[in-house]
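The structure that follows is given in the form of structure tokens.
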Amino acid sequence: MDTEHTTVLALDNIVAGYGAMTILNGTTFKVRRATITTVIGPNGAGKSTVFKTIFGMLKARAGTITFDGTDITNTTPRHLLACGICYVPQGRNIFPELTVRHNLELGGFAAPSSINIDERIEAAMVRFPILRQKADAQASTLSGGQQKLLEIARGLLLDPKLILIDEPSIGLSPLMVQETFDILKNLRAKGVTILMVEQNAKSALQISDDGLVLELGRTRMAETAETLLNDPRVGQLFLGGAMEPTAA
Amino acid sequence: MAAFIQLFVSGLATGAIYALVAVGFMLLWQTSQTINFAQGEFVMIPAFFVLWAIKILGVGFWPAVGIAVLASLLILGLLFKRAIVDPMLKHGVLPLVISTIALSIFLKEAVKDFYSSQAQPFQAMIPSEDLHLFGAVISSQSIFILLIASAAVLGLNKLLNGTRLGRAMQATAQNPSVARILGIPVERMIMYTFLINALLVALASLMISPIYLAKFTNGDTLGLAAFIAAIVGGFNQVRGAIVGGLILGVIENLAAAYISAQYRGAIPLILLIVVILWRPQGLMGRAEERTV
Amino acid sequence: MTPVLQVTNIRKQFGGLTAVDGVSFSVNEGEILGIIGPNGSGKSTLFNCVLGQLQPTEGEVRVDGELVTGLRPCDLNRLGVSRTFQLLQVFPQLSVRDNLILAGQEHKGSMGTRLLGARDAGLTEAANRMIEFFRLSHVADEKAGGLSYGQQKLLDAAMAFMAGPRLVLLDEPAGGVNLTMLSHLRERLQAINAEQNATFVVIEHNMEFVMALCDRIIVLAEGKVIAEGTPDAIRSNPEVIEAYLGH
Amino acid sequence: MMDFLTSRAFKGTVFALLMVGLIVLPFFLRPFGLLLIAMWMVHAVAALGLNLTLGYAGQISMAQGAFVGIGAYCTGLMTLAGVPYPIAFLCSGVLCFGIGWILGYPALRVQHHYLAFVTLAFSTLVFLIMRNEEWLTNGIYGLTDIPRPILFGWNTGKAQDFYFFTLLMTSILAFCVWWIIRSPWGRAFVALRENPVRALSLGVDTRRYTLMAFAMGSSIGGFAGALYAPLVQFFEPNSFSLTLSLKLLLMVIVGGAGTFFGPFIGAATEVLLPEWLRIAQGYYLIIYAMLVMILMMFCPTGIIGLGERFISHLRQKKISSERSAQAEAMGQDKAGNNGGAGQ
């Protein structure tokens, strides 16, 4: 592996699914420290399932997940937060009837008492001024993009080392998408690792270091983002069928 | 006018008790989808804890109240959740409904068989006196109940909105899976709501038993009142349950006086049916968001 | 020739969000039309609007030239429009055969004859044929809930054909189905299409499946039709690739 | 053996034995015993009706007791006024059919707990009317001296005669319910319960079937009431309070919702067992309530479900023992072959 980018997260042969349905059939990949890695793949490839499995929301039936050298397979979200991992799921995940400030605050619920939550909230509001403006309004009054910002800010409250972020751009205006991606780039600059699932593959890969292509629960390609961007097979993959001949 | 004020205030007092019971009922529904058909019996029981403690342990009234509150927390809170709700949740709503119906029969029969089937006099927490306000005679009990219930509601509000713990409980009710992602111990939060419910019903029991006397059938009307208050007010709002309870208490009292004493119980039921059909989300509630 | 299904300018708004934004298409008799598009492009909403599950904000739907917008799904079904759902939708407590009989019984007789007449509404034969056709004979008497996922998917599709529909709308028939089952399903669908001249509209994410099955494909993105053509044309259409990969 | 337990022949045998037992029993029992068994049958009929609405069509109703009450008052009042019993009987069913149909409308708008509360409120309203409208119902004094029918010269006044009459009517009503369940309607009801959206897309007019499920279940409840009135010959509003509705609900679930025999078993646990379990005496209800809670915890499909689970458990055991026997035999074969090869 690259010397300056050591592996921070590794999945080894993960099998997981819902009930009788198996979605992940031995997913294996590595994520390098302080990079943005984007997972792409057609619908049903198991992208969101990977995140749920990493974050202990779905039981891995086989395989191991390692974070910073320790085995974190099938542990609780609480433990993972303590390890420095946070998860921003797809869709809207705010508490609509709580105020913006209180939504933020709950991001620190699992924090040890040594951390001053109020200071962290203050810092988050400095970083995202819109949240200060709306601090005492119900979170449901925020626009879609603002809600996503709130979610990210909430996830960042504990200064995570690794962020799992699922489809951050869905339902956001292009301007908002740009802003979200800028935040992610800033985080990377500070040494945070980001693993992202994104449907908007092109723009996501443009800000990424690495890219992973998932298909039917398996890692199909693991390349640098640039390689993937220039690979015509990626486009074809989404439309099916044409991958085999060139891949061989 | 004096008569109206009198009826209104005493209705408000009963309504305040309904509201407490309805708030507890709704908290359980919000955090764990428990429709507690034994909620009425939960209000009936703590009074008998008090009587039992006085009779068997030979303690005075106030120590007995302490014991009763403790017993409520343990039995109606902890044990109820652990022994009945938890094992049943995976089976869905209907088996849990049936279980709580069975529980209500169990509690009722237990009191009847092991204590008494007769109505028992129950000491009020403060001596009863009549106060004269604007020409109306209002019992000190009513005022006391209103004060205590308001204090309880304010306290609960302070807990739910004013503390980090309370907000974590709200978060659990609003979106348990996200709460879990943030590391909120969802299970413990749900347990807290069961304990809060136990406290609320104990309080209601202590206030209503001096008026109705302690009797094993008290739960029948109280449970129904709590459902109605919760539904009329809106299932997803604490303040809805409070408003629902107060409206119910007042309407019941006024209807008994001005419409028909015999159909006193019918008015709230008709109100319930109309609200469910016309505004299923309740008067104060928001419509649940459509999931497509 | 009148198209079997003609959808004109369907628009559906949820609050401020426009899920389907003026979609028009038509399907001719015996044709298999595919609808593809990235997640959230409005495919399922479009289906639900066409089938009366949702009331479209605007636009009209015609079956055989007749206006059917806003008709209830059961009435539409009796006009010969059948569908499957994205998620599994069989009746787990009924046997496979009963699932199929149910799918046909409302097309026969009246409420009265269904109460007083034959127990199977005279459909056992037809159900058995369908069971055979979809190769489910070995599980015909088992409860549908006990079947494997792939078998349930087959049953789900079989149910849509019980009443001999003119038009079948399939919502992700291949989702979650393994490869053997998949080719089996495709082959069955093509057989019905060839034998009975049945018309299909298919929403599908599995591109191999949809490209092999369909005569014509329309591509939806952000609630609008962005391309239409044969599978080969769609595959090499840069706009389509862009829709999937983002800009 | 295990296959026999689920076979049609076995079910037929049990059914035949039960019928013979019910026919022979009166010659051995005292009038009180007969009254009890007749009570069981009447409750079973009411539960059969609720099972149609709740167990098959999946529409929760807490008003079945009210329909039994409406049926009983209708028959009681009419026969007291001199109307022949058969006409009163039919009127009870038709009246409940109509009211049940109307009660079905809320089910088109709301489901689950909301529907439970609407029906619960309805049940209590009916009770209040029975208690308060003295001009019609005689209020809290109830109806007394309800005559037992004379049919084609058969006077059912004596306990034994009335028992046979109840048995006959129960059999007819049970047959009707059985017929509905086995008809395409029964299938449509199950579809409505399991997946109304899919049912609708298959042409099932869920609206009409929902209303029908309520109307038919209620009318069976009304017929049960029409049998109840001449059986007890005296009743008052309290007989039909919310408690009866809740009891009927428990019977259906405890017996096994959505199964034909479930209501019979459920009614037996409520009506027969408490009288026969001498040890329990006054504490029966407490024990019963506890058993219900335990049953729901471990087997929410009721006693029938418990039985099915037991049978499938036996079958599994048999299969696995057969398998191991087979494996053993194969193992010996192999050993034998190896031995042969070695020589």
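We just call them A, B, C and D in the order they show up, numbering each chain from 1.
The rule is short, and it goes like this: a residue touches a chain if its C-beta (ideal position, glycine included) is under 8 Å from a C-beta of that chain, and two chains touch if they have at least 3 such contacts.
Remember, it's a predicted structure, so these values are computed and weren't measured experimentally.
K.L.:
By mean C-alpha position, what chain is farthest away from chain A?
P.N.:
That would be chain D.
K.L.:
What chain pair shows the greatest number of contacts?
P.N.:
B-D
K.L.:
Would you kindly tell me how far, in whole Å, the mean C-alpha position of chain C lies from that of chain A?
P.N.:
34
K.L.:
Taking each chain's centre as its mean C-alpha position, how far apart are chain B and chain D in Å?
P.N.:
33
K.L.:
As a quick test, compute the distance in whole Å between the mean CA positions of chain A and chain B.
P.N.:
44
K.L.:
Distance-wise, how many Å sit between the C-alpha centres of chain B and chain C, to the nearest whole number?
P.N.:
About 49 Å, centre to centre.
K.L.:
Please name which positions on chain B make contact with chain A in the complex.
P.N.:
Touching chain A from chain B are residues 164, 167-168, 170-171, 174-175, 177-185.
K.L.:
Give the list of chain D residues in touch with chain C in this complex.
P.N.:
Chain D reaches chain C through residues 180, 182-185, 187-188, 190-191, 194-195, 197-206, 208, 212, 258.
K.L.:
For the complex, give me every residue of chain B touching chain D.
P.N.:
Spelled out, the residues of chain B in touch with chain D are 35, 84, 87-88, 91-99, 101-103, 105-106, 109-110, 113, 220, 224, 227-228, 231, 262-263, 265-266, 269-270, 272-273, 276-277, 280.
K.L.:
For chain C, which residues count as touching chain D in their complex?
P.N.:
Where chain C meets chain D, its residues are 51, 53, 72-74, 77-78, 82-83, 85, 89-94, 98, 101-103, 105-107, 111, 114-117, 119-121, 159, 163.
K.L.:
Of all residues in chain D, which touch chain B in the complex?
P.N.:
My answer: residues 60, 106, 109-110, 112-114, 116-118, 120-122, 124-125, 128, 131-132, 242, 246, 249-250, 253-254, 282-283, 285-286, 288-290, 292-293, 296-297, 300.
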